[in-house]
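Each chain gets a letter, A, B, C and D, in the order it is written, and its residues are counted from 1.
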Amino acid sequence: MTYEEFLAGDPVVVTAALTGGVHGKEANPNLPETPEEIGRAAAAAEEAGAAVVHVHARKPNGERSFATERFQAIDDEIRARADDVVIQHSTGGTGAPDDVRHQPLRTDPPPEMASLDMGPLNRYRHLTSENTRALVDSLFDEMRERGVKPELEVFNDGHLNEVHQFLDRRDVAAPVYATLIFGPGTLTRPRPRNLLHLVSNLPAGAQFNTLGFGRHQLPLATLGVLLGGHVRVGLEDNVYYERGELAASNAQLVDRVVRVADELGRPVATPAQAHEILGL
Amino acid sequence: MTYEEFLAGDPVVVTAALTGGVHGKEANPNLPETPEEIGRAAAAAEEAGAAVVHVHARKPNGERSFATERFQAIDDEIRARADDVVIQHSTGGTGAPDDVRHQPLRTDPPPEMASLDMGPLNRYRHLTSENTRALVDSLFDEMRERGVKPELEVFNDGHLNEVHQFLDRRDVAAPVYATLIFGPGTLTRPRPRNLLHLVSNLPAGAQFNTLGFGRHQLPLATLGVLLGGHVRVGLEDNVYYERGELAASNAQLVDRVVRVADELGRPVATPAQAHEILGL
Amino acid sequence: MTYEEFLAGDPVVVTAALTGGVHGKEANPNLPETPEEIGRAAAAAEEAGAAVVHVHARKPNGERSFATERFQAIDDEIRARADDVVIQHSTGGTGAPDDVRHQPLRTDPPPEMASLDMGPLNRYRHLTSENTRALVDSLFDEMRERGVKPELEVFNDGHLNEVHQFLDRRDVAAPVYATLIFGPGTLTRPRPRNLLHLVSNLPAGAQFNTLGFGRHQLPLATLGVLLGGHVRVGLEDNVYYERGELAASNAQLVDRVVRVADELGRPVATPAQAHEILGL
Amino acid sequence: MTYEEFLAGDPVVVTAALTGGVHGKEANPNLPETPEEIGRAAAAAEEAGAAVVHVHARKPNGERSFATERFQAIDDEIRARADDVVIQHSTGGTGAPDDVRHQPLRTDPPPEMASLDMGPLNRYRHLTSENTRALVDSLFDEMRERGVKPELEVFNDGHLNEVHQFLDRRDVAAPVYATLIFGPGTLTRPRPRNLLHLVSNLPAGAQFNTLGFGRHQLPLATLGVLLGGHVRVGLEDNVYYERGELAASNAQLVDRVVRVADELGRPVATPAQAHEILGL
């Protein structure tokens, strides 16, 4: 995916990362936590232009959960309220045991997509997500079995190197779809030149999604639009609308990136178009 | 450090990574394992032009050891045989408990330099080096107390982002010295453009050292010379001299990179010059 | 100027290139040609957010003119209709004799800014703009004498090399202000990575303006906003609003880039702020 | 051509630029000027490892000449003394009229290769090489008619843009072969990152040759070797062996770059291999 795709006006797939698992309503009271709140947020995000919703589950107390039944409850709410939005479950997770990481894949039906972290990362003082190759491969194998499209999460250029090696090891259906993630800790430093660097190291034929944390969300998404990529916005990654002003909703963040893409001449993909583009 | 330093003919510091802790004589029978072998290899590497030797310790059976007394035995052999070569101890290590990682700092005298891994990495199926911030900070604090210069090991561009955050958290004496490492697993993919990318993201005033695994050792070291950086070669990182031909010794690999630097017009730093350049 | 300036919300100076000297109403009937039309277009562009207007003069038959009195007539119309917009005269020109190229500097008062092409370029089969160093220097000397700020026009990375050599030869007041130009012929190929390349080769402290021809105008201007630069739009460089739809006016093109900058969180500089930013 | 070609050990074609047309023996008394001197220099360069000799002609007084008979005399001397070295005639030229620029193509037999400048350039105060598209096309047409392979000379990234447009206009036989040139004036600034920039903008399938003026000759040639490209050295481009020491001969410069390529594991192409690689 390159500037030529931008010039050609290829549709951009917008993913809304609705809730995450790190911060909650204490960071932004508009962040959805319960299945019903997440379902409503998904419908509003789809209405605003999101074709995919990236979902984490939480326990009733707001803490992160990997339990299949929590994901099931969320999916039921999303399907009841939204139209055709693609559901993507997170399997990522700091400190969770490997077998627990499989649970989000086991809803009925399974999610159409699920995240697959490509390597270890540190974001805080004591914690590491190990994301060993053994876990990556076992999550992928279960995804394939259940017909779940992996969203390869690339937190730095070492993870992108692993993408190449992963494609050598495993039979991944085209198109490969990788999210390039920029932020603090051991993530790639959020700078425009670094996004171009990662894009230039993608495997041939891969599609990319652009994710910047915090105030980098909008500028890097805009650059992603210009480079022919896809974009992810939402309260999981950024709780502010602008400096000092909390976002009112996930839909508000989707709205803005849709307006920018529209000004730049790239239409936003519908869920049906996203199915085609991503090979779902 | 830039091409301007190359043009100015600034000396290049050559580090010889003599033995490592992953492969042994089964990979190359010329790889030194015992303290005496390592001491002889250090002297020969210094003779060939290395100003620094990067050292790991091994148990009598060849397995990796972090024990202070094993490093002490090696240092005694090096000091008995070499002239002024700078001794750098590895504190890196897959799977070793955090307190064990401090032991290489506790020789008498302490090493002049020690490695400090800037984040987690995966290289094989099940293993991760976690390298949490808590460990990074506690190793650094003991280094500062003992007067040991940290060699910041940067395995990908996320680690390089952590270098910036580490400099914000801790008071690191100038010049910051970072080794940029390229190889398989979650390391930056070994490509010339990727070395330029990492160099363009270094903190202002930092010096860099160039380390490519395997057949990337020489080309990336040569590029490091052209970009005004320093270089590391040796049997820890590469057991071959050329395709299908095992290296005869660490000194043979040092010899070659010294010849290349010499052809390109950059003199090789003596240990005394390395002291000045690295602020030892 | 970098992404950090973008993050800091530094104002972006928008230049409107109202008319040019190559195509006329045959390309877009909304393109202003007479002094009065240009004056009205300048006022509307300022109203829309432009702080600078880039001006060419034309003969009554629409052909390009370098005559001082034609520029004088335009400036009079602009000053009668606009508020404080900065006037920038073009001194560029395919095939015009060197002495003729000085005439746009000789209005009363002189323009606040004037373009200064940094080297030769080919855009069509037989024509070359020579832009020798002798001409560059003599135009600059007259600009300095008359208090005219040079806008250094950089059509490729060789011209950018000349900027460095020009700063070595001549005493150019800070901040150096260079327009980076992308298009067909011997101009830099219009690609996002090439804009980053040029930006990375700017002299320290220089400010840059972003100019893409045709359908590259908006995407490269957007990237210029993200990189902390300034932007130029207008009918001289691009006669379309979108594919197949002619632009209604210069102001319409200014409006759009102002909306994009606003969504991205960068305010647009007023003429007063442009004076400060550009050191007028 | 990329780092992968370097890793694969593909042969590097070394071109020796024996004499040029700008400076003469006043710059370096070892620079060959007469046909006999040039013939001897070609044989020595071939002996040292050059597969191609780039040739300019001079009048008896040392000034540059485009006359067919002067080229004929040189070629006769080269063929009498060298073995199989490929002869490449320069058609480039500051200020020479367009019809004169065709004369170097008209020897019997014609040269196997000839240079074709892709656009205008300034190197001194008053002079410009216009190199209009009309001239480029007419030189190319005569080359094609006579079976002469064009060496596309790219002096900056605008010229590289013209290469793409030239390939759209004319039917150029594969492989396209472009020399990337770095130096003062309106040439691309000689920096390693700028060589990577140009390489990343080459048309698919093109081969490149690396040419840095003066002290940039060796470092940029070395980088060209690492990037899988070809290299040009010689007294036309650089009269020094190292700082303050004039080169003893063209062969001395060839010798050195051959030693560097050899250390880096890339063999030097024989004239026969160059025929295959360049499609002669």
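Following the convention adopted for this analysis, a contact is a pair of C-beta atoms (placed from the backbone, for glycine too) under 8 Å apart; a residue touches a chain by one contact, two chains touch by 3 or more.
Chain identities (UniProt): A, B, C, D = 3-keto-5-aminohexanoate cleavage protein.
This one's a predicted model, so the numbers in the text were calculated from it and none came from an experiment.
Comparing the CA-atom centres of all chains against that of chain A, the greatest distance is found for D. The distance from the centre of chain A to the centre of chain D, each centre being the mean of the chain's C-alpha atoms, comes to 50 Å. Averaged C-alpha coordinates put the centre of chain B at 40 Å from the centre of chain D.
Chain geometry summary: the mean Cα position of chain A and that of chain B are 37 Å apart.
Those residues of chain B in touch with two or more other chains are numbered 191, 193, 200. Taken as a contact graph, with one node per protein chain and an edge wherever two chains touch, the assembly forms a single closed ring in which every chain touches exactly two others.
Here the touching chains pair up as A-B, A-C, B-D, C-D.
By the touch criterion stated above, chain A contacts chain C in their complex at residues 3, 6-7, 9, 191-193, 196, 200, 215, 218-219, 222-223, 226-227, 242-243, 256, 259-260, 263-265. If you check the complex, the residues on chain A that touch chain B are 118-122, 124-128, 130-134, 155-162, 164-165, 184-189, 191, 193-194, 197, 200-201.
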